[in-house]
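Next come the structures, one after another.
First chain A sits with chain B, and in the next complex the same chain sits with chain C.
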Partner chain A sequence: MSFWEYVSSRHDQLLTDTYQHASAVFQCMVIATLLGVLIGVVTYRSEWAGSLATTTTATILTIPSLALIGLLIPIVGLGVAPTVIALTLYGLLPVVRNAIVGLRGVDPALVDAAKGIGMSRTARLLRVELPLAWPPILTGIRVATQMLMGIAAIAAFASGPGLGNEIFRGIASLGSANALNQVLAGTLGIAVLALLFDAAYVLIGRLTISRGIRA
Partner chain B sequence: MSSGGERGPGPAGSGSRPRAHRTGDHEGFALRDNVEMGQRELASGEAPTPSAAAGGRRISWQKWTFMPAFLVAALLATWLWFRGARLDSIAHQAVDNGKVWLALRQHIQLTAISTFFVLIIAIPLGIALTRSRLRRATPFAMALANLGQAVPALGLLILLVIWLGIGARSAIVGMVIYAVLPVLANTIAGLRGIDPTLTEAARGIGMSPTGVLSKVELPLAVPLILAGVRTALVLNVGTATLATFGGGGGLGDLISAGIVTQRMPVLILGSVLTVALALFVEWLASLAELLLRPRGLEVAS
Partner chain C sequence: MPETSGNTAPSGASIRLENLTKVYPGSTVPAVENVDMEVQAGEIVVFVGPSGCGKSTTLKMINRLIEPSSGRIRIGDEDVTDIDPVGLRRKVGYAIQASGLFPHMTVAQNIALVPKMIGWPKAKIKNRVEEMLDLVGLDPAEFHGRYPRQLSGGQQQRVGVARALAADPPVLLMDEPFGAVDPITRDHLQDELIRLQHELHKTICFVTHDFDEAIKIGDRIAVLRERSHIAQFDTPEAILTNPADDFVSGFVGAGAALKRLNLTRVRDVGVVDFLTATIDDPLESIFDLLRSGAHNELLLLDRNRRPYKWLRRGDLSRAKGTLARAGAPVQHTVTRDATLRDALEAVLTDSSGRVAVTGRRGEYIGVVDMETLMNNVQEMLEEDRLEALEHQHQLDDQRARQTRQEQEGLGGPAASEGGPA
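Here is the complex of A and B:
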């Protein structure tokens, strides 16, 4: 069976897996972004809190994903729970780090000016600092999403959702005629998804980066 | 901002520091840094722990002894717990007869061999791609490196297993392919980030192209190349856990045996060992990065 025949004969299954893969990565990325920016906002002003946040999230990223999932299974069981927790944790570092560096990089004169025209602390954060720090944060989100695409594939081993299941079905039938098709479909599917997400982020960047700081 | 600049950039920052100082544009510095760091290094699983300390050699000993002490304590606790855990025959089968040591040894071998090949491929290639003759190919290589990041490591590894057969060899080939691109991108970024006035000055005092490369460009790019070594090591320790799915051995054997047979002690032992190995390798690499950094590049600000 050629690859295209395989894809057309299994397109229902493949579409479901693709949709679940994309939705798992997307949802975890939303959580990771909210948490990450929050951690960044809370810690960026203090030298030690900022470096603690960066070091902790960096250490999490150093842990191989299969091992982290392995440690989560005894606690939360198999399935969606370890997948979501692992993906969210791995998605944090780029966002936290870029949020801290971005917020620290805001010209103090601008913040001072905002204070001078009577903006409250919240208004300064929401209307001056975060919009200025948004481009690096968005880069962090982009990097994290690409990474999560691959990690989500591994999470399928712990019965997680997504295209990783297609790859693991191929592994289970190594040597059979369809093994190559299954692995190829899963791998290409993830690569295409990653590129589509990347393109979407470029578009989001165009729409959301404040016009004043656009290059 | 100077403190932010010092902690954030790490290797990429030290390469671009002269330029940033020249423009004096702090904001641009931070953003630029981020984009570079973000895309080139974070994507590859690089952990910036040591870059926080990379500003100088004045690092407290607590910082450097904390990680080994923590790892020893964690391993000791796991070992004590594992000795007390009740194992049935299936669990015994997974860990008896030195299988744990074998897996650990295989894992270290997979990591060491693949890192070696990554370095001897990526660094010379990076140097070649930044020479004036091949410079036109650089954006192409960078685009390829970014595109390659989209392919999941697991899929790449298994495709190679199907192509080259089951075993450690396919796993190593897959790990090398997966890690070459980020290290290559790192090397290129490092060599390109060198202040052009420095290479121009070197040429101006009559240095040959080889002299400029070996006496000016490479020493200045050392921090970035070392960061590349660390990136490769950390990536490979992680990818090596996936070798088990292609019959390549390693600590992934214990983890997957634990998941498949639902034996939690085996799963936890395998996971803890993998985590400890990864953190230890990262610690070693960042220590090496700190010690091997040329003295002239330490900016005391």
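Here is the complex of A and C:
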């Protein structure tokens, strides 16, 4: 059976896997973004809190994904839970780091001006600092998403959703007729998804970054 | 010469600083020590002094961007030392160096910030934005939707001032607002500020390290030395002609007579009418004017009545009947708010020996010539000299009286009278 024959005969299954893969990455990215920006906002003003946040999230990233998911299974069980937790944790670092760098990079004169015209601390953050730090934060989100695309494949190890299942099934049945096709379909699917997400981010950037600060 | 008092009631509020002191944590020497100052409603007071003298710190204590360690701040009748700083700052305009515009907001959004925060209705804000842009000399239709990076430095600074004034605060604080623009633009912006103040009568505190700038725009100048100690707080005229001590005279620098030219404006000297013709007039009538006039020159105006060319008798015959090539284009014009120094500069560089004075939209009003300038400057210097002399006598008098009081009962020789007989 050629690769294309395989794809057309299994397209239902493949589409479901692709959808679940994308959906898992997307949802985890939303959580990671909210959490990451929040951590950035809380820590960027203090030198040590900022480095603590960056170091912690960087340390998480050094844990091999297979090991992290493996470690999570006894705690939260199989399926969606370990996948979401692992993906969210891995997605944090780029977001947290770029949020801190971005917020610290806002011109102090502008913060001074915001204060001087009578903006409260919250208003300063929401209307001046975050919008100005948004381009680097979005870059962080983009990098994190690319990373999560690959890591999400490992989630199948814990019976998680997504295209990883194709790859694992293929590897498990190496030598059988469709083994190579399965691995290939899973891998290519992830690559295509990654490209689509990236395109989406370019669009989001266009829509959300003010024309006044767009490069 | 006393500053021309405004004919409308000031919309500003007075500011009183009482024993204002700032000691930064971890430092034993105060950055600002015991500043006592009263700024009257509707006047521009310039804080001038060397770098690091605490002038900026003093200014930032007025809107409590820097909290004073001790002392009180009063704006109008209200003690604002302990009120909510956010609310206070919405009532005090604040303009800083390099404009401080938010780059991700349009010009209109930047200007609308404070009115929005204090809850003006949308329609009112919209009108106000247009009004402010017009006030600072930017065409609302053109600049409304632009982003700060699409503006020149001078335009950004104008928008910065518009933003500071948008909610109509009685008090305006300006922290070296024109420090980051080129000298020519700075000159324009200073003129604009003076014109604006003629219309608005705000109470303005202005920080600069440029003494010439201080002279040009200040109603009164506070010369500050280290720790914001007030070395002299007086009108520019008094500081120029009668510096309190070596520190002040060092700061005034050389050329006090020339600087004096910065203190008088074209509107204060005689702007005289001059022979004019417009570009649409028939050639013959221009010819006749030139022949019959007292001068052998006339000023040609364009269709908007703006000065266009200086035309001499000989020019017309040489130009073979067309105006296009005749005469010398007008290089410089000054507004009525321009200083005599600007006027002198223009007179010296323009070949005609006089400079055209224009109104707000560049339309012709009259001319100022060398003779008028010379006469005025001489009068002015003479007046200053007499004033300084009188001041000196008063000081001597005072000192003599003091000495006498100190010596009273001791039977010492009476101090000689220094006053005029």
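Operating definition for what follows: the second predicted complex is superposed on the first by the 215 of 215 C-alpha atoms of A that agree within 3 Å, B and C clash if a C-alpha of one lies under 4 Å from a C-alpha of the other, contacts with A are read in each partner's own complex, and residues count from 1 in each chain.
The criterion applied here is as follows: contacts are C-beta pairs under 8 Å (C-beta built on N, C-alpha and C of every residue); 3 or more make two chains touch, one makes a residue touch a chain.
What you see is a predicted model; the values in this text were computed from it and never measured.
Following the overlay on chain A, a side-by-side fit with no clash is recorded for the pair chain B and chain C. Contacts of A:A109 after superposition: chain C is touched, whereas chain B is not reached. Contact with neither chain B nor chain C is seen for A:E5 once the two complexes are overlaid on the shared chain. In the superposition on chain A, A:M119 makes contact with chain C only, not with chain B. Contact with chain B, but none with chain C, is seen for A:L174 once the two complexes are overlaid on the shared chain. Measured by the number of chain A residues touched, the leading partner among chain B and chain C is B. Between chain B and chain C the least C-alpha distance in the superposed model amounts to 12 Å.
Residue overlap on chain A between its contacts with chain B in one complex and with chain C in the other: 132.
If you check the complex, the residues on chain C that touch chain A are 63, 65, 86-91, 94, 96-98, 100-106, 113-114, 117, 147-149, 163-164, 173.
Taken in their complex, chain A has these residues touching chain B: 47, 50-51, 54-55, 58-59, 61-68, 70-71, 73-74, 78, 93-94, 97-98, 100-102, 104-108, 132, 135-136, 139-140, 142-144, 146-147, 149-150, 153-154, 157-158, 164, 167-168, 170-171, 174, 179-180, 183-184, 186-188, 190-191, 194-195, 198.
Interface of chain A with chain C (complex): residues 109-110, 112-120, 123, 127-128, 131-132, 210-213. Residue ranges on chain B touching chain A, taken from their complex, read 1, 3-4, 7-8, 26-27, 29-31, 33-35, 38-39, 42-43, 45, 47-49, 52, 147, 149-156, 158-159, 161-162, 166, 234, 237-242, 245-246, 251-252, 255-256, 258-259, 264, 267-268, 270-272, 274-275, 278-279, 282.
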